[in-house]
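Presented sequentially are two complexes of chain A, the first with chain B as partner and the second with chain C.
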Partner chain A sequence: MSPATTLRVIGSLGARAVKQTFRRPQLMAPLLIFPTLLLAIQTGGAGRAIDLPGFPVVNGFFDFMLAGAMIQSTLLAGNTGGIALAVDIETGFTDRLLAAPIPRFTIVAGRLVGTAVLGALTAVWFVVIGLLFGAEINEGPLGVLAMIGLVTLSATAFGSIGAAIALRSGSASVVQGMFPLVFVILFLSSAFFPQELLLEPARTIAELNPLSYIVEAVRDPVIGAFDATNLLEGLGGLAIVATFGVTLAALAMRRRLRIG
Partner chain B sequence: MTAGTAQLSLRSSLHTIAAMVRRASNELLRVPGAAIPGILAPTIFFLGLTAVFGNLTNLPGFDADSYESFLIPVTLMQGAGFTGAATGVNLARDIEQGLFDRFLASPTPRWVLLTGLVLSASMRALIPGTVLFMVALATGVEFPGALGLLIAIAAVMGMAMVASCWAIAIALRFKTQSAAPLMQSVMLALILTTTAYAPQELLTGWLYDAALINPATHIVEAARQGFIGDVSWAETWPGIVALLGLVALLAALALRGMRRTAY
Partner chain C sequence: MGAIEVSNLQRTFDGGVTAVDGVDLEVAAGEIYAFLGPNGAGKTTTVRMLTTLLRPSGGSARVAGFDVVSESADVRRSIGVALQEAALDPLMTGRELIRLQATLHALAPADGRARAESLLRRVDLLDAADRRVGTYSGGMRRRLDLASALVHEPRVLFLDEPTTGLDPVSRKAIWEEVTKLNDGGTTVFLTTQYLEEADQLADRVGIIAGGKIVAEGTPASLKAEVGKPRLEVRLSEGRAESCNEVLARFGRLLPGKDETLAIELAAGASGIAPVVRALDEAGIMVEALELHEPTLDDVFVIKTGYHIEGDDPAGADAEAVEKTER
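Showing the complex of A and B:
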């Protein structure tokens, strides 16, 4: 199959994934409603945290939280993409794709393209929400573009983990059951609070959690300035997550093909 | 209706309510995993939020020494909220499978069906409540005293009734388990738009106003008092009034939904 045809297959499967999410509100709602609700509540509930000694200088707690909400949304996008893939497996759609003369990796790649698009859309949603409610993005339009790019990559990376779980289990309820883990990973990172102000053992774990570096890279353009080190660390975090997810997905696909 | 007939009718209604509570208990024994959502999510939130926001107690005006003690009543309410919402999801499943049609076709009054469902939810809520309380004690939360614990238990059971009335109303309106996120997220919003994260004076922006008018704030405060200080009637009665008001309002909504359903 020519590279152009392969790309067309990935594009078609990606477009299907996006349409599927828009047609099922129960898939779309968690990506936007839950992180937005938590953003609003945590900003109002813990807003005075900026007065704590050691809290970075920010325009407001809302500005600080914006990156956390975006990354939370990408984790949920990865989980939602996994659920949709598992539903495809349960209903036999994936079997039909496996029987079709297309490269196997396009099945996962198509799903990841869909997740990436959803990630970009959620990034735009939070930028709009942020600007509407008074966030100041220090790095301006260039910063906004960098944030959207990083959030899109983040959705893709976490989507690969969702796809791996779906391929391994073949069950939507198993992938759905991973939902609480999203919050474990988030709480054990600097998504919602500065790392230095987390309590132990969360502080030490956050230091080792790649998610912390991804969040900091997204947060930089809002509360500070572009920092090459933070950006590289963020991209490194994304590479770790993506490598982990893609490897697991490849192994799960191979196993699925072997057992039939 | 003669006094004898009325007594017979009441006895029959109580039997039906007991049977529905028993059915819910059987369900839990046969599918123990059904209790997990009411335990797992609040536990993760409790441990996660205390690790993240634990330093908020250093803010001037924060009226608790331990964030764990401050947060545990909210966690208990969350557990009760999820358990109550699960009652609605189960009802939606019964509607989808046609079982609830058979209940409606029986001569049982609608209020009896509703009471059975709501009471079973309030009792089931004690399971996540007990587990969460144990987790809290293990993480250093101080025992709230007998009276404080009693108030917390009442608040847990009451909040489960509130959540189940809401979830039942939604299940009867949409008749599908897909409405589960609506059942859960509204309860989550009701509980978190209170003094969940910080005392009223330390809340900022819209949440300050929302917590002031949200009746669930009084329920959280009533359940919290034993954990962070002494129990007083002044902190307790607003919680009781708020619980009774919410249950009455949402039970009326659920009953209306039940009466509008076919048969």
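Showing the complex of A and C:
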């Protein structure tokens, strides 16, 4: 199969993944509704947190929280993509793809393209929500583009972990069972609270959590200015997550092909 | 060279369960081969190995001239596959599914669109093409699945239980389509647990039980192996001895059931008229006369000791296997 045809296959499978999510509201809800509600609740309930000594200088708690909501959404997009892939395995649709003369990696790549598109859409959603509710994006349009790019990459990286779990388990309920873990990972990072203000051992865990670096890279354009170190650390965090996820997905696919 | 050549094919799953235990078979190009057996016999596992979805534990298989392990991509380019339970995405429309299938088989976009329209028309789904598959009936899903398997005009078509659970009308529609495809030169390998399906469609039948092929041949030769047609005569008045004397002139007397007399009638239907004339000349009044041809069920019973229960495809439970008393 030529590279152009391979790309067309990945694009078609990605388009199917996006349509599938839009056509099944229960897949769409976690991407937008949960993070938006959490953003509203936390901003309303804990807005005075910015007065704490050591809290970064921000225009408001909402501005600080926006990046956390975006990354929460990408984690859920990865989980949702994993659920959809597991449903494909359960219903036999994956067998249809495996029986076609396509490189096997395109099955996962197509799913990740779909997750990336959904990640980009959620980024746009939160930028719009942010601007409507008074957030100030200090770095302007370029900052917005950087945020959308990072969130898209983030969705892809977390999507690879969702795909790995789906391929290993072949069960939608197992992937869905990972849902609470998303929140544990989020709360043990700097997504919703500055790392410096966390108590031990949460602080150390957050320092080791790649998610913290990804969130900070997304947050920078909103609350401060571009910081090359933060951006590189964010991209490094993404690379760690993606490498981990893709490796696991490849191993899980190989095992699935072996055991049938 | 056969379209499918299988030698000592084996598959043992983790935990030591052997689903396929040394299957040998050969399917000629242009043939319809039916793999007949109850659930758990090894039919689907064999198909999954032949379609490269599962690696064999032992033995070898070539499909369309290519080895299923070392040339799996070539195999996949040459085959069409419609899997058990029609693995379709209920959220896609029929048209979207066929176009996706065309993309998977590297058809150019314009060719894929044209092929999709042609296939949807062929399986009578053009009007429903933009509806989501989730709204389709079982028969419509099967037809769509069949159409999607044909998108790249495969040389060999694998159909895994293509009519399981379908009503008689939908079943017949699938049979007609399979026959048309075969008339066009496509080799068809189908698995079924329905004796009638194998009898109607197949040039040759392989009966599989416990992961092994226990009988193979044309439906007629398999039936001929297990016995000749049997004529049963029910009398309207009790002259059994005289009747037996007449019947014995036409074939070996067999034990009758439920007050009927029976003979082995080698000539089949064409041998009935002389029997009727002889009984009439002897003044024997006959209430009923029935000719029973051997069926594939008889073959199945004799070869395996089991029979497939619920042969009617529209039946509620066609999956159970029952130990026979015979």
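Just so we're on the same page, the second predicted complex is superposed on the first by the 260 of 260 C-alpha atoms of A that agree within 3 Å, B and C clash if a C-alpha of one lies under 4 Å from a C-alpha of the other, contacts with A are read in each partner's own complex, and residues count from 1 in each chain.
We adopt the following convention: a residue touches a chain if its C-beta (ideal position, glycine included) is under 8 Å from a C-beta of that chain, and two chains touch if they have at least 3 such contacts.
These numbers were taken from a predicted model, which means no experiment stands behind them.
S.K.: Do chain B and chain C fit side by side on chain A after the overlay, or clash?
M.R.: Here chain B and chain C can both sit on chain A without a clash.
S.K.: Of the partners chain B and chain C, which touch A:183 in the superposed model: first, second, both, neither?
M.R.: First partner only.
S.K.: Considering only touches as defined above, state whether A:105 meets chain B (first), chain C (second), both or neither.
M.R.: In the superposed model, A:105 contacts neither chain B nor chain C.
S.K.: Quick one: is A:92 in contact with chain B, with chain C, with both, or with neither? Answer first, second, both or neither.
M.R.: A:92 sits against chain C, while chain B stays out of touch.
S.K.: Under the stated touch criterion, which partner chain does A:202 make contact with: chain B (first), chain C (second), both, or neither?
M.R.: first
S.K.: For A:125, decide between first (touching chain B), second (touching chain C), both and neither.
M.R.: Neither: A:125 stays clear of chain B and chain C.
S.K.: So in the superposed three-chain picture, is A:244 touching just chain B, just chain C, both, or none of them (first/second/both/neither)?
M.R.: So A:244 meets neither chain B nor chain C here.
S.K.: Touching A:259 in the superposition: chain B (first), chain C (second), both, neither?
M.R.: Only chain C; A:259 stays clear of chain B.
S.K.: For A:16, select first, second, both or neither according to whether it touches chain B, chain C, the two together, or no partner.
M.R.: In the superposition, A:16 contacts chain C only.
S.K.: Rounding in steps of 10 degrees, give the angle chain B-chain A-chain C taken between C-alpha centres.
M.R.: 90
S.K.: After superposing the two complexes, find the smallest distance in angstrom between C-alpha atoms of chain B and C-alpha atoms of chain C.
M.R.: 15
S.K.: Which residues of chain A touch chain C in their complex?
M.R.: 1-2, 5, 8-9, 12-13, 16, 19-20, 23-24, 88, 91-93, 95-102, 257-260
S.K.: Flag every residue of chain A that touches chain B in the complex, lowest number first.
M.R.: Residues in contact with chain B: 26, 29-30, 33-34, 37, 40-49, 51-53, 61, 180, 183-184, 186-188, 192-193, 197-199, 201-202.
S.K.: Once bound in the complex, which stretches of chain B touch chain A?
M.R.: 40-41, 44-45, 47-56, 58-59, 178, 181, 185, 188-189, 192-193, 196-198, 202-208, 210
S.K.: What part of chain C is in contact with chain A in the complex they form?
M.R.: Residue list for chain C touching chain A: 13-14, 48, 51-55, 73, 76-77, 79, 81, 83-85, 87-89, 91-92, 96, 100-101, 103-106, 132, 148.
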